[in-house]
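Each of the next two complexes has subunit A plus one other chain: subunit B in the first, subunit C in the second.
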Partner chain A sequence: MKRRGLFLLQLGFTLLVCAFLVVPVILSMLAGLTVNYFIGVESGLTLRWVMEVWNGYRETIFLSIGLSLACLAVTLVLGVPTAYVLAKRQNALTRTLEEMLVLPVAVPGLATALALIVTYGSLSGFRTSWAFILVGHVLFTLPFMVRSVLAVLSAIDLKTLEEGAASLGAGFWPRFRDIVLPNCRQGILAGSLMVVTLSMGEFNMTWLLHTPFTKTLPVGLADAYASLRLEVGSAYTLVFFLMIMPLLLALQAFAKPRPAKFVAEETE
Partner chain B sequence: MTDAGTPLAIALTNCAKTFADGTKALEPLDLAIHAGETVVFLGPSGCGKTTTLRIIAGLEEPDAGGKVLFDGVDVTHLPIEQRNVGMVFQSYALFPNMTVAGNIGYGLKIRKVADAQVKARVSEMLAMMQITKLADRRIDQLSGGQRQRVALARAIAVRPRALLLDEPLTALDAKLRDTLRLEIDSLLRSLGITAIYVTHDQAEAMALGDRIVVMEHGRVAQIGKPREIYQRPATRFVAEFIGTMNRLTGAVKNGVFTCKAGSLAWSEAPANTTEILFRPEDIRVAEGHETTGLQGKVAAAFFLGDRTRLFVEVGEAQPLVIESTARRDFSHGDAVGLAIDPRGLLVL
Partner chain C sequence: MRHEVRRLILLLLPAGIVFAAFFLLPMARLFLIGGSGKMGWAAYTAILTDDLYLSSLVSTFAVAAATTAATLVISGISGVFLQRHKFPGNAALVAMLTFPLAFPGVVIGFMVIMLAGRQGLIGQVTQALTGEKLVFAYTIAGLFMGYVYFSIPRTILTVMAAAEKLDPKLEEAARSLGASPWHVLRDVIIPGLKPAFISAGAICFATAVGAFGTAFTLAAKINVLPMVIYTEFTLSANIAMAAALSFVLGIVTWLVLAVARTAAGSSVAAAG
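Our next item is the complex of A and B:
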């Protein structure tokens, strides 16, 4: 009986914490669908605010999607080979490089953004293009790609697998294509989802790097909350959720470890 | 068998290996491996046997001045993918992203062999290794013994010029090791391929090798047929690494060797002999009232069914090991007379 009481207590506490986290989200989403937030849901539900967001901030949504995909492309091209080299050559130099890569995550985004502006701000064509934001996003997301690929590569005996492939006649490129890439697929997928999600939601750095013509979704969101009706800002949040939730769910699914299979010795 | 290519002769000249951190893994080595023979590199870990194999494979380059010749052609700087050698790794190195059939056919695909031919060859290999049922399994669904068979099939599928095996049975349990050792032996004989087999297990070496290269500290200690290595070891290290060796210390005078346990007539004894060595099968316990020059006391006796393994104290640092087939019981402290066959005596 005592054990059951304890369980109920724990369950209650867990639900309370969940509610604490989830209720604001639901309220915020509801606010975006309410005719007048100050009167409440009794005032009726409407898609008007969502349409207003769509009409006014459509560009920011497309820019964010485009940016995150470009960011993914760049981190794939840079990150996967980097992880491969880091996995193959373990020495003082590569360990230092690995630490350096993580710096943009540790340093506040504002500081990174300021450094970029101070250094490249005078290149006006670059400063005003979305590529400027892309550079910031790549700096920030690259370590996540490298880390997740590296984690997978370190878990397999890459050197011997490659030697095995070489002994069968495979040169460097066939080996990379047939052995290295397929065996770090899990890491690449997990890293990709992470990069897209982070790039999509990045605000810190983007706030400083953007121009009025290169507003991303989170920047537009801050804009909407600061200058428009609360309902519009909330509707914007709703749109953001709808975009990011499928990504987060996919991330969860891929992050699950594959169960190891045990097979008993078979005699034939 | 469709694998009958011309077997490859391999020669190493002046091959040494120093690793980047300064470790000298291999002293300059000269070695000739005849076409079609099975040579076993045998030695304790760190003796340079795997390094030598990797130099032959093309996974390591020898230090400047060393040369690797395949049928007289210099391949020293040719990477492994251009040497056409089959290799079986201790950890098997099977590709987890491919099925069993995919693994076996990979080398053929790389060689751009037509799909139908790849399929036929893979089926042939699966049948030869008796793993046809496993064709579509993933590697993580296989047991150790099954993985070993896949690794062998994969290495042989491309019809390599030589087969290199790096401790292929070490990761398996003892019973399976015996079974697979027999299979590898008959496989190598039927293929007629030049094979190099690395192991630290002397029983494996004796069973498989046409010749054994015993290595120690990056040097070759002895090269010879298993019987030569066992019966006429060139150095003390070889004598003690392979099989069991008994030892008696003493002195020779007028064709009689005298030690603490007594004396032994040995007319061919070299002068200045201070120590004699012999195998357990060359010494026996005297029967009935037979008188012998050597006496000892039983320190331990283990009845093994077909024979009794005796440890006999004779006043030396180590007791003598004797395999006795006498139909009698031995117990601790029994005084026994000992007879040694002079033909088995060695001085090193």
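Our next item is the complex of A and C:
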């Protein structure tokens, strides 16, 4: 009887925590579709605010999508080979390298962004292009790709597989292409989802790295929150949620077997 | 053999070059610029000697510590509960608790405004109940709420993963020996979860110390270190001071995570 009471108490508490996380999301989605949030939903539902966002901030949406895909391409090219080497050689040197790669996640984005600006800010062509933001996003997301692929590679017997292939005469590239890559598919997939999600939402660095012509979605959000009415900010947030929700759901599905590996790590 | 080593180095090279050119070199430069202002190298100690910076350092640490404590208690209770009791709807609750995992700080700030802002839910409810509107989104209490919101999803995942590995037999044994639920919690569950608490707590703390988006959305007047750095950089154009302060901030967050990693004994995922 006593344990039943304890169970209900904990359940109630957990439901409260859920409400804390979910209620504001629902409120903001609702506000984005309400004619006048101050009056309430009675004032009617409208797509006017969403259209206003689409007309005013369309570019930020496209830039963010492009940026996150470019970021994904770069982190794949840089991250998968790195993870392979880290999995092949597990010694003090590679552990140090892994630690260093994670530094841009441990160090606040503000510091990384300032460092990039004081070093490369004077190259005006680079400073004003979206590639400047891309650099920041790659630094920040690369560790997630590396760790995610590394987690899978460390779990399989890479050595035996590769030796088997080598004994049958396969050179390095065929081995890498036909043995290593297919085997770390899961890790690449999970890492890719993480990279795209994080790049899409990155703000700390991007706020300093952006220019008026390279505004990403979160930068536009901050703009809208500061200067436009609550309904427009909400509608914009709604658009962001719609873009990021499928990614988060997919991430939950794929990250499940090893939640600890993918925890932590964005964004603020 | 030597051939293979050369190949491995070649494979590391692209990431290495990018990392050196766009992180190590800029960080070194940031460090030098921090010492190049009016104050010289004293800029690096200004965070302790200047009253303004010191007070913002103190409030930053206070918010971060309060966030860590609150998040660990909340996630500890709900995480262990959800891991232990599999009931219909359990998976849905876990999904709800973890889906804000990758919300950016600005959006979290807006969520706080939806709850505790001028047109927020808490304001409406308190007005209906007491006639007085409670609005605290634009203060340090709002910031605290935002950081807790932000930290719960990731902490719950860590706690649940650790709770899965706890042996329920230990609790049964303690109970059969007559231990009360409180004693089981204190002597069996909490010690078993300690490594997870340390690593998750360090991530909460480091994240809250370095976060910028939430404070930026809520108010420019919240006196936490990232906001001070931003103000120095943009409004005062005091780049040297901003560089020194952000370098120090980076060292602090890195240290917190490194110490926690040693204390927890296993690999602690870094924060962001």
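Just so we're on the same page, the second predicted complex is superposed on the first by the 257 of 268 C-alpha atoms of A that agree within 3 Å, B and C clash if a C-alpha of one lies under 4 Å from a C-alpha of the other, contacts with A are read in each partner's own complex, and residues count from 1 in each chain.
Criterion: contacts are C-beta pairs under 8 Å (C-beta built on N, C-alpha and C of every residue); 3 or more make two chains touch, one makes a residue touch a chain.
Source: prediction; values computed, not measured.
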{"item": "Per-residue touch tally on subunit A - higher for subunit B or for subunit C", "value": "C"}
{"item": "First, second, both or neither for A:Phe13, with subunit B first and subunit C second", "value": "second"}
{"item": "Subunit B versus subunit C as contact partner of A:Leu93, first or second or both or neither", "value": "neither"}
{"item": "Subunit B versus subunit C as contact partner of A:Asn183, first or second or both or neither", "value": "first"}
{"item": "Contacts of A:Ile156 with subunit B and subunit C, given as first, second, both or neither", "value": "first"}
{"item": "Partner chain(s) touched by A:Phe38 [first = subunit B, second = subunit C, both, neither]", "value": "second"}
{"item": "Contacts of A:Gly171 with subunit B and subunit C, given as first, second, both or neither", "value": "first"}
{"item": "Overlapping contact positions on subunit A, where the subunit C interface meets the subunit B interface", "value": "260-261, 263-266, 268"}
{"item": "Sites on subunit B touched by subunit A in the complex", "value": "57, 59, 79-82, 84-87, 89, 91, 93-97, 106-107, 110-111, 130-131, 133, 140-146, 154-155, 158, 176"}
{"item": "In the complex with subunit A, residue positions of subunit C that touch it", "value": "7-8, 11-12, 14-15, 18-19, 22-23, 25-27, 29-30, 33, 74, 77-78, 81-82, 85, 93, 95-115, 119, 121, 149-150, 152-154, 157-158, 160-161, 181, 200, 203, 206-214, 216-217, 226, 229-230, 233, 239, 242-243, 246-247, 249-250, 253-254, 257, 268-272"}
{"item": "Residues on subunit A engaged by subunit B in the complex (per definition of touch)", "value": "156-157, 160-161, 163-171, 174, 178-179, 182-183, 185, 260-261, 263-266, 268"}
{"item": "Touch list for subunit A against partner subunit C, complex", "value": "2-3, 6-7, 10-11, 13-15, 17-18, 20-25, 27-28, 31, 37-38, 77-79, 81-82, 84-85, 88-89, 97, 100-112, 114-116, 118-120, 135, 138-140, 142-143, 147, 172, 194, 197-198, 201-204, 207-208, 218, 221-222, 225-226, 230, 233-234, 237, 240, 244-245, 247-249, 251-252, 259-261, 263-268"}
